[in-house]
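What follows is a pair of complexes built around chain A, which joins chain B in one and chain C in the other.
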Partner chain A sequence: MVIYGIYIVSKSGGLIFNYDHTVPKIETTRRFTYPIDLKLNYESKKISVQFGQRDGIHVGHVLTAINGIQITGRQLDDGKDAVEILESKENYPLTLTFERPKMTTNEKIFLASMFYPLFAIASQLSPEPKSSGIELLEADTFKLHCFQTLTGVKIMVVVDKNQIGAEVFLKRVYELYADYALKNPFYSLEMPIRCELFDQNLKTMLEQIDKGGIASI
Partner chain B sequence: MSRSTRFDTKKVNSELVTLTYGTLVAQMVKDLDNPDDVSKQLDRIGYNMGIRLIEDFLSKTGTGRCLDLKDTADKIQTAFRLYLGVQPNVVNWSPAGDEFSFILDSNPLTELVELPEDLKSLKYCNIICGAIRGALEMVQLDVQSWIVQDQLKGDQNTEIRVKFIRRLEDAMPAGED
Partner chain C sequence: MTVHNIYIFDRVGTLLYYQEWNRLKHSGMTKEEEAKLTYGMLFSIKSFVNRISPTDTKEGFLFYRTSKYSLHYLETPSGLKFVLNTDNHSQGIRDLLQQIYKEIFVEYVVRNPLCNLNEPIQSELFKTKLDAYIKQSSVFLTKSM
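For the complex of A and B:
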């Protein structure tokens, strides 16, 4: 079973839980001489590859380190400016590390709240009255299954496009949510789920699925 | 993973529930000294339990939305069996079909309980009324619930009345309305 991530959105549309499962980290380190044969672009606080794809470095990957020193935004951990270093010839050769960009928590919260109106629009666009919202969103690299409970909580899972049986999985996540989040007296409704037991049991279930497939739960 | 959390596999002795609940009420009587306040608080606790418990009920039974009150009554009956191990009868439907009662011949909450004279006004089982109200509110049904007959007060059975007020249309999640 290839599950990329699990999201739970509260009745009012806020992301209250997310968990990234098997998302492999793709990282490439290469030595570059001047001039660098990739087109880099600095925008939204990331230095990313705009054009030129080679040796595992793809368009869209972000620069995460120069000579092994990590970059935050455009600043290196030792205080130097990354863009300046890349531009001056005397610094070369440079060892650059590129990585597939990861979503930050803020971006996830943003996307979760984007899905909320989409779901509502889908139910209104429907030619038939009393339609549900989006239950399955399919793309060429993944499928997003969404299950809305009668109380309005949405549980979403992003899986591989060939994966079947995600509905069963969603029901099981719902049971875990009812058991380990809602029965925890210190968890208040609509708030982000920070319950150790919930995480643990979810992980156990995911491990079991990885071993025995979706039928084993 | 063990299936210990699955439907009706995890059972506890009902006396444990009776005693725990008894302790709670006794403590509240001590703390609040006015029986009416205690009843009110019990209802509130029940409400807070209901709004959480409903998810448990839905996830474990997999029931769908009810579109009439008869259906709702049936499902609450199932919930009684699931959570209290009793099977109440659904009776006394109002002519308009918006009110009904649950009759419990035995009530696990009151099994070992006698009410002292000075607490005759205490609604000992008010927590159930609160739970019904809270749970139904989460599935967009506004109801009122109260105790009509109480074995603790010398009645034959315990009777819990439920009255439908309205459907909470504005709280309906998208794709469900």
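For the complex of A and C:
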């Protein structure tokens, strides 16, 4: 039973709520000798793997630490430049830590608003009349269930591929949204949901699912 | 169980082939425009899936489902994209797409020296073979009227 994350998108496509439930951390540390057998990309702000997938280090993973010292952007926490260290031979052998980049809040907002047109186009391109938008999107690592309420609010949940019964869960989240967000006099529509009771009840429900499965709610 | 339509795109987004069988609703735009929209949507879904996935993806996007139809997607390592729309009850469409690639596309397009690989497929043989292949597959059943 794995639920990775919950997203609520408002009628106009803005992300008004998100909650990460279980986010697996994918991190690999390895010792490298000169020259290093990965092709790194220095072009963006981060140093990422461009080519040469091996030992759990995948393309797209970002360099997070050199010899145990954390990197922010391209700079080590002790003030040195990461690229300079990587490129000079005398620093080797080096212990490098790579990690699958985590989604930042900005990225989540961006992705949520990206889902909105996909949802609309899927309904427009339908070969059958009166189709809804995307209800389930499946990839090889996760499933995304989407439930659109009559008022146009979308509730999305990212779950494990083998998770069943996500529709029931979505309906329950909707109930919580109706009960604790909409009935809160301090909540204004289309604005991010910051209601304590909503958070609390959602967490309680997720704990219940972790213990007894989706059938228990 | 029905098959609605198929799109084949190359790696840069050119529509190589389009055919429809039981399509009840048309999007109201030209075939070219619709193909561009479909390709754009799939391109976005691909990057969306790669970002939102909790772990590293291998194949990435597989299919999506709406209340009325399912869109199945197969991308080859060379960037060819096969997109098949079916109803929601169809099973094993991924295998079917793989077979179409292996047995129809490679046989009658790649091995045909007169077929240019980056422009729309004109071959009549490919058309008839693909049509026959879809029609004999287990998912193809015309809706009883």
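Rule of thumb we're sticking to: the second predicted complex is superposed on the first by the 216 of 217 C-alpha atoms of A that agree within 3 Å, B and C clash if a C-alpha of one lies under 4 Å from a C-alpha of the other, contacts with A are read in each partner's own complex, and residues count from 1 in each chain.
Just so it is clear, contacts are C-beta pairs under 8 Å (C-beta built on N, C-alpha and C of every residue); 3 or more make two chains touch, one makes a residue touch a chain.
These numbers come from a predicted model, not from an experiment.
Undergrad: Quick check on the chain A-based superposition: chain B and chain C, clash or fit?
TA: In the superposition, chain B and chain C stay clear of each other.
Undergrad: Considering only the touch criterion stated at the top, classify A:125 as touching first (chain B), second (chain C), both, or neither.
TA: second
Undergrad: For the three-chain arrangement built by superposition, which of chain B and chain C touches the greater number of chain A residues?
TA: C
Undergrad: Using the superposition on chain A described above, determine whether A:58 touches chain B (first), chain C (second), both, or neither.
TA: Second partner only.
Undergrad: Taking the superposition on A as described, I'd like to know which of chain B and chain C A:140 touches: first, second, both or neither.
TA: Second partner only, chain C.
Undergrad: For A:79, select first, second, both or neither according to whether it touches chain B, chain C, the two together, or no partner.
TA: neither
Undergrad: Thinking of the overlay built on chain A, is A:68 touched by chain B (first), by chain C (second), by both, or by neither?
TA: Touch status of A:68: no partner.
Undergrad: Touching A:208 in the superposition: chain B (first), chain C (second), both, neither?
TA: first
Undergrad: When the two structures are overlaid on chain A, which partner does A:107 contact: first (chain B), second (chain C), both, or neither?
TA: second
Undergrad: Is A:35 contacted by the first partner chain B, the second partner chain C, both or neither?
TA: Neither partner.
Undergrad: If you stack the two complexes on chain A, which partner ends up touching A:153: first (chain B), second (chain C), both, or neither?
TA: After superposing on A, A:153 lies in contact with chain B but is clear of chain C.
Undergrad: Minimum Cα separation, chain B versus chain C, post-superposition (Å)?
TA: Nearest C-alpha pair, chain B versus chain C: 10 Å apart.
Undergrad: Where on chain A do chain B and chain C both make contact?
TA: Shared contact residues on chain A: 122-123, 131-133.
Undergrad: For chain A, which residues count as touching chain C in their complex?
TA: For chain A paired with chain C, touching residues are 4-5, 22-24, 26, 58, 60, 100, 103, 107, 111, 114-115, 117-118, 121-142, 144, 158.
Undergrad: Going by the contact rule at the top, pick out the chain C residues touching chain A in the complex.
TA: The contact residues of chain C facing chain A are 4-5, 20, 22-25, 27, 34, 37-38, 40-41, 44-45, 48-69, 71, 85, 87.
Undergrad: Which stretch or stretches of chain B touch chain A in the complex?
TA: 1, 5-6, 51-56, 58-60, 62, 64-65, 138-139, 171, 173-176
Undergrad: Going by the contact rule set out above, which residues of chain A touch chain B in the complex?
TA: So the residues of chain A in touch with chain B come to 11, 119-120, 122-123, 131-133, 148-153, 171, 174-179, 182-183, 189, 201, 204-205, 208, 217.
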